[in-house]
Structures are given as structure tokens and as C-alpha cells.
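The same subunit A turns up in both complexes below, where it pairs with subunit B and then with subunit C.
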Partner chain A sequence: MATTLGPNGVTYGSGALQEHFEGIVKVAFTSSDSLNHSSGSGFGNQWQYVNNTEINMGVPENANNWYRVRWQTICDDQGSGGQGTGAALYRWTPSSGWNRMADQGHHSAMENDVGDLYWMCKCDYLCPVHPSYPTEEHRFRIYHANWNGPCRINCGIGGDLRRNGWNNNILEIWEIATGAIDSGLLTRY
Partner chain B sequence: MATTLTGTGLTYPDGSDSTDACPIHKYRVTSGSSVDQGLQTGTWDFINGCEINMGVPKAANNWYRIEYYTCTDDQGSTNGGCGYAVYRHTPSSGWNRILDQGWHSQYENNLGDFYTNNTGLYYVPVHPSYPTEAHSFRLYGRRHPDCAWRVNCSIGADNRVGGWQNNLMEVYEMNGDVVDFNDRTTY
Partner chain C sequence: MHDISLRFDMNKAPFLGHALDELIAESGNNIGWSGSYSATTEEEYNEFRWMDHDAADKSYDPLTGFSRAQRTTEQLLTEGRIPTFAEVKTRWDALVAEYDSYAGKRERVSHYPAITDQLDMLFHAIDDGKLGETAKTSEFYTTIKTIKDTYQ
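The block that comes next holds the complex of A and B.
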């Protein structure tokens, strides 16, 4: 059976009918090259760029599209005292410059002086196309902030196998078409 | 409105436009089958049931997106932790450990009873030497140091159902022509 264009969509040779665009416009991923990266020291809002997490997603296909952002790393407290860290997403267009978007906060994972502790930090963000500059190139970065650190992220761990640019962390971004997503209560910014 | 071929792609009856190939070729999912599986010391343990056969990749430059999470628990009165590794198989290569978080990528220092969620997200290339062979993937776990550690935990009030045992493994085959892998090299 040939693939045909019909009134309801595309019918493939298998008989499967595709009625609308599946929704994923673009996918990109990278991994920071900064092994055992310090997320800062002291208390408060010291956001540190996680080196080489920048992804250029180009010009969005539609002004109402969204970016689904996923970040994962391995964290470690260092020394005594309660410590924590959290990840923030930054967005850039040529006209807006770099701006902090969604942010978990500087101790979204925190321990209260419990001795040596390692944990897996993961976050998911849904970030809109910049409403004022939808026809411009969009780039994204991950920053980490710190609470009474220095916490380290992208940790080297005994027995690990980090290779080919993967350093126990990953950032991936999917551009999602507006027609394929219900963003619930989330608004654009 | 009919489905139409345009100069840049395809327009569906609902007005949505497709201007490039779909990034996802294939999606497979499973769940480790051994509830409360204990991990060994000094060796990587196959997380029973966490094997997915993705078949022959559609192109040599494709990548596999692999994700795993599970609920874990220390057991006993020592410090300890665990971590997870991805293994890849083709008929010619056999099983090889290719990415590994390390054996205490999650770790606690004798805190008493301790439960947490463990996760892993990996992008893995098609085997550069055997791109025309079937590819399978497994998850392995390893603990550190000589502590008792269980994964895929049964938890009070859980509802493990339909083969899902408080853990999930997913593999996507991603189209290398439309995924930007930022100059990552293959292995």
C-alpha cells in the first residue's frame, strides 16, 4: 500500500494515519565539560554558569511554541554544615540578552549537616518562546546557585565511566509545537 | 482542508505544518521485574528485566535516549549508596558497559532509614563499528561500600500494577539528521 495524502491526514504504507504534526520541532542535547563544578560558596543568590551547557535552538518555528528543558547532574556536599544547591534556566535572544527564567531556588536540594551526602539533581522546565522576540534565535543555559556551599555538581564518582564529553550531567531541550501541547496553567514570559 | 504538500513540507487538515522528519524513530519501555532487588558489592548487577531490544537502527548516525528511575532504600546501619550504568549489545560487540554514573552517585552517611528516587538520563550513539546490527540496552546497578541496598522498592501504600515495579526504563531511537548533538563523538 502506497503512502497517500488524504482528507484526514497522511496514510502510511502500514495503514497508520497521521492526522497532525507530531509536535516535536527540534531536539538538542549537550553535557557540561566542567567536572566537579563548584556551584559557589556562602549563602544566597550566587548563580554560577555551568560551563558549556549552552544550547542554541535557532529561531523558533512558531511564536507560540514551547521549549521543554531537562537537566540532570550528580551533586555532592563538601565539608561540614548544611548545604544545598539548585538549578536555574537562562534564556537568550539577541535583543533580550541573557535572562534568568525558571529557577528552583538555591537550596532546592539541601542537607542539614548529615555528613557526606551525594544526590541526583533533576529538573524539568517548560519555557516559552520570548513573547517580544519570537523571530530571533533562542539560546539556553543552566546556572546553579548555592546555599552554604561549596556544593559540587557534575561529580566524578568512583567506578564511573565518563566519556566522549559526557561528564555525569546532561542538558536536553525539545522545541514543542504549540498545536501539540496543552500548557495547562502555565503562561508566557 | 486537505492534507497538502507545500514547498517546505506538509500541511495537515488542522493547519499544523511538518517541515522536517520526526526526531523520534522508535520508543520502547519496560520495568525491572525484581521487587526489592538487592545490589552486590564489587560488581555491577543487571537490574532484572531492564533489557530493551531496539532492533537495527535506521541510520548509523542515530542516537539512543535512555532514561531510568527507581525507588531505592538503604538497609542496615552503615553508610552507602549506589549508581547506574548503561550497557549496550550488538551481536558482534557483545555486552559492554558504555556510560556509568559511578557506584555512589547517590550516597548517605549512615543516616538511619533512608529512601530516595534514583534517576539517570543518557544519550548513547549507535555502535560506530556495527551500525547494521540489532542494538539492545540494559541497566546495571552497583553499590558502595559493603552496604545493603535495594532498588525497585516495595513501599507502604504503593500500587505496583501491570508489570510496573516502582521503576521504569525507556529507550528512544532519535534521528541523527534532525537532533543536534553538539559535536558529541561516538563510541
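The block that comes next holds the complex of A and C.
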């Protein structure tokens, strides 16, 4: 039997049907519309949701799959004083609720009173399917916390995406099939 | 304006968020907020999420995805713990007016000689005995004076 390309994917000689690119189960992306967003001046665990950075990835294809999450935004300080921020990834399933899975620290992207400064906060997270609820819908959000002052993100100084207005931020999530992954020493959580 | 560095920002005028931060600081209320720093409307203001830093329970609620110390604009307005949008707008307008009045002074910044060159001019003025009124004929003085006069 020859390999054929049909409306539902590629059918191999063995009869196996491949419905998507090998290893990539699903890709989704979005962008926050909260221009010049400030996450307040809270410390520690006072992470604030960055409006509309929520993606519903649906039910994972396999319990051992991973999600690769990419987020980037442009930051600006607010006048004098040292200020910083950092991004955190939250995961949701109906049974677990929203939980912080990873974070950079609220001063991972900061300036220490160096005057007017613009810089990028970028993160690449690897997050596993929930080990206890692998058959449930998975959603993800980006939260930010500020260090010491009202550092702002999603700055309107340029524009790498268009969502209503120009916003310098993007959230992108890939579900990657377990068969295509060597997760090294990473732990599932 | 508390933060005079805002006057010299070459890229942007103060935002509504600057005005709000000032008013909260002046009130002494221990409140934080999250939202668009460049919001312009009351509708946007009403959508801000607020953090009551004095709340007894600041634990995280996984059901909502937010802290239990989170408050709405409506709640805090009722309690009188945050300024009204009109009050924020009034302060914001004042900040922008002051920023606009500094347009010439912001322009000076890029025209001043390097600090090392200014100090060198000053050294030579002193070395040449240009002190007192005579100092106004020095290169240091005339260079800086010309820039100040040009960019008001």
C-alpha cells in the first residue's frame, strides 16, 4: 500500500494515519490587550494575572505529553528608583484549579535605578500534563509580579503583534507528544 | 509632581498610572493595583484589580486564580480607600501639563557637551582666572548659557 495524503492526514503503507506534524499535537497563541500593563507593587506571592493571557489547550492527547510555553513582553521602568518584574506560568484543570507551575522571580527582569530603560522579559517554560488529572482540560495563564515599583509590561513603544492596538507581547503554547521528547532530568509535576 | 524624573522622559508623557500611584501614596492607604498603566477611561479604571495589603487573608485562591486580598474598584470606592476616576484624571492632567512645560528643558539634554568636556571648560576658566563676573566670559559659561537660551 502506498503512502497517501488525504483530507485527514497522511496514511502510511502500514495503514497508520498521521493527523499532525510528528511530535506537535497542538499549537496555540494569543496576546494580552492590557497595554502598558502594571502588575502592582506587591511582593512575594502576589502574582497578578496579565489580562487575556489565557490559552485553553483542551484535553491532552497523552498523559506523558509536555507543553512548551513561550512568553515575551517589553518592559519599561516608571521614572526613578529600581524596578523589576518577572513572569509566572499558571496551569488549570477543573479538579486542580489554578496553580503556579513555574516562575522567574519578580526581579528576574529589572533595572537598578539606571534611569530611563526599556528591556525585554522573555521566558520559555516546559510544563507537563497534570500528573493527577491527565484526562481533564488544560488551560494556562501568564502572571506577573513587580519588584519594588510599578514596572510596566506590554509597552506601547513599538508593536510586534496587533490585537486591537499594538502590544509588545506574545504567548505561545505547544503541546508536544511524548514520543518526540527526551525530557532529560526534568521532573513531572 | 513627586518624581521629577518624569519631566525628563524623552519618550512619553506621564500616564494615568503615575497619577494614581501618587494619590495612593499621598493617602497612606496600603493598596496596590493591577491594570493598564496607560488607561484613559473610567470604564478601564473600573476594571482594575486591587490588592488590599492590609487584608487579614492574603492567601491564594486556586478556584479563582487570584489572591483573597483582591478587591474591585467598586468595593474600594465604596470604602473610600481609593481616589475616584475624576480625582485621578485631575492629577493626571496636572502631570501632563507640567511635562509639557518642560519640553524645552528636555531638549537641552541632548545638546549639552559631555560632562568631561564641561569640567575641562570649567578647569580652564579657573586656570585663566575667570572668577566672579569674569566667569561669565568663560567658554564653560557661554556654551551652557547658549543651550539654555536656545531651548527654553
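The rule we apply is simple: the second predicted complex is superposed on the first by the 156 of 189 C-alpha atoms of A that agree within 3 Å, B and C clash if a C-alpha of one lies under 4 Å from a C-alpha of the other, contacts with A are read in each partner's own complex, and residues count from 1 in each chain.
Definition applied: contacts are C-beta pairs under 8 Å (C-beta built on N, C-alpha and C of every residue); 3 or more make two chains touch, one makes a residue touch a chain.
A quick note: this is a predicted structure, and the numbers were derived from the prediction, not measured.
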item	value
First, second, both or neither for A:N8, with subunit B first and subunit C second	first
First, second, both or neither for A:S96, with subunit B first and subunit C second	second
Partner chain in contact with A:D182 - subunit B first, subunit C second, else both or neither	neither
First (subunit B), second (subunit C), both or neither touched by A:D116	both
Subunit B versus subunit C as contact partner of A:Q46, first or second or both or neither	second
Contacts of A:I55 with subunit B and subunit C, given as first, second, both or neither	first
Touching partner for A:I157 - first (subunit B), second (subunit C), both, neither	both
Most subunit A residues touched (candidates subunit B, subunit C)	B
Overlapping contact positions on subunit A, where the subunit C interface meets the subunit B interface	115-116, 156-157
Parts of subunit C lying in touch with subunit A, wherever the complex brings them together	3, 5-6, 9-12, 15, 17-18, 21, 32-38, 49, 51, 53, 58, 60, 62-67, 69
Residues of subunit B that touch subunit A when the two form their complex	2-5, 10, 12-20, 22-24, 65, 79, 81, 83, 85, 97-111, 116-123, 142, 144, 174, 178-187
Contacting residues of subunit A [partner subunit B, same complex]	5-10, 18-22, 24-31, 55, 61, 70, 72, 74, 114-120, 122, 155-166, 168, 170, 172, 174, 177, 179-180
For the subunit A and subunit C complex, residues of the former touching the latter	34-42, 45-46, 48-49, 51, 78-80, 90, 92, 96-100, 115-116, 141, 150, 152, 156-157
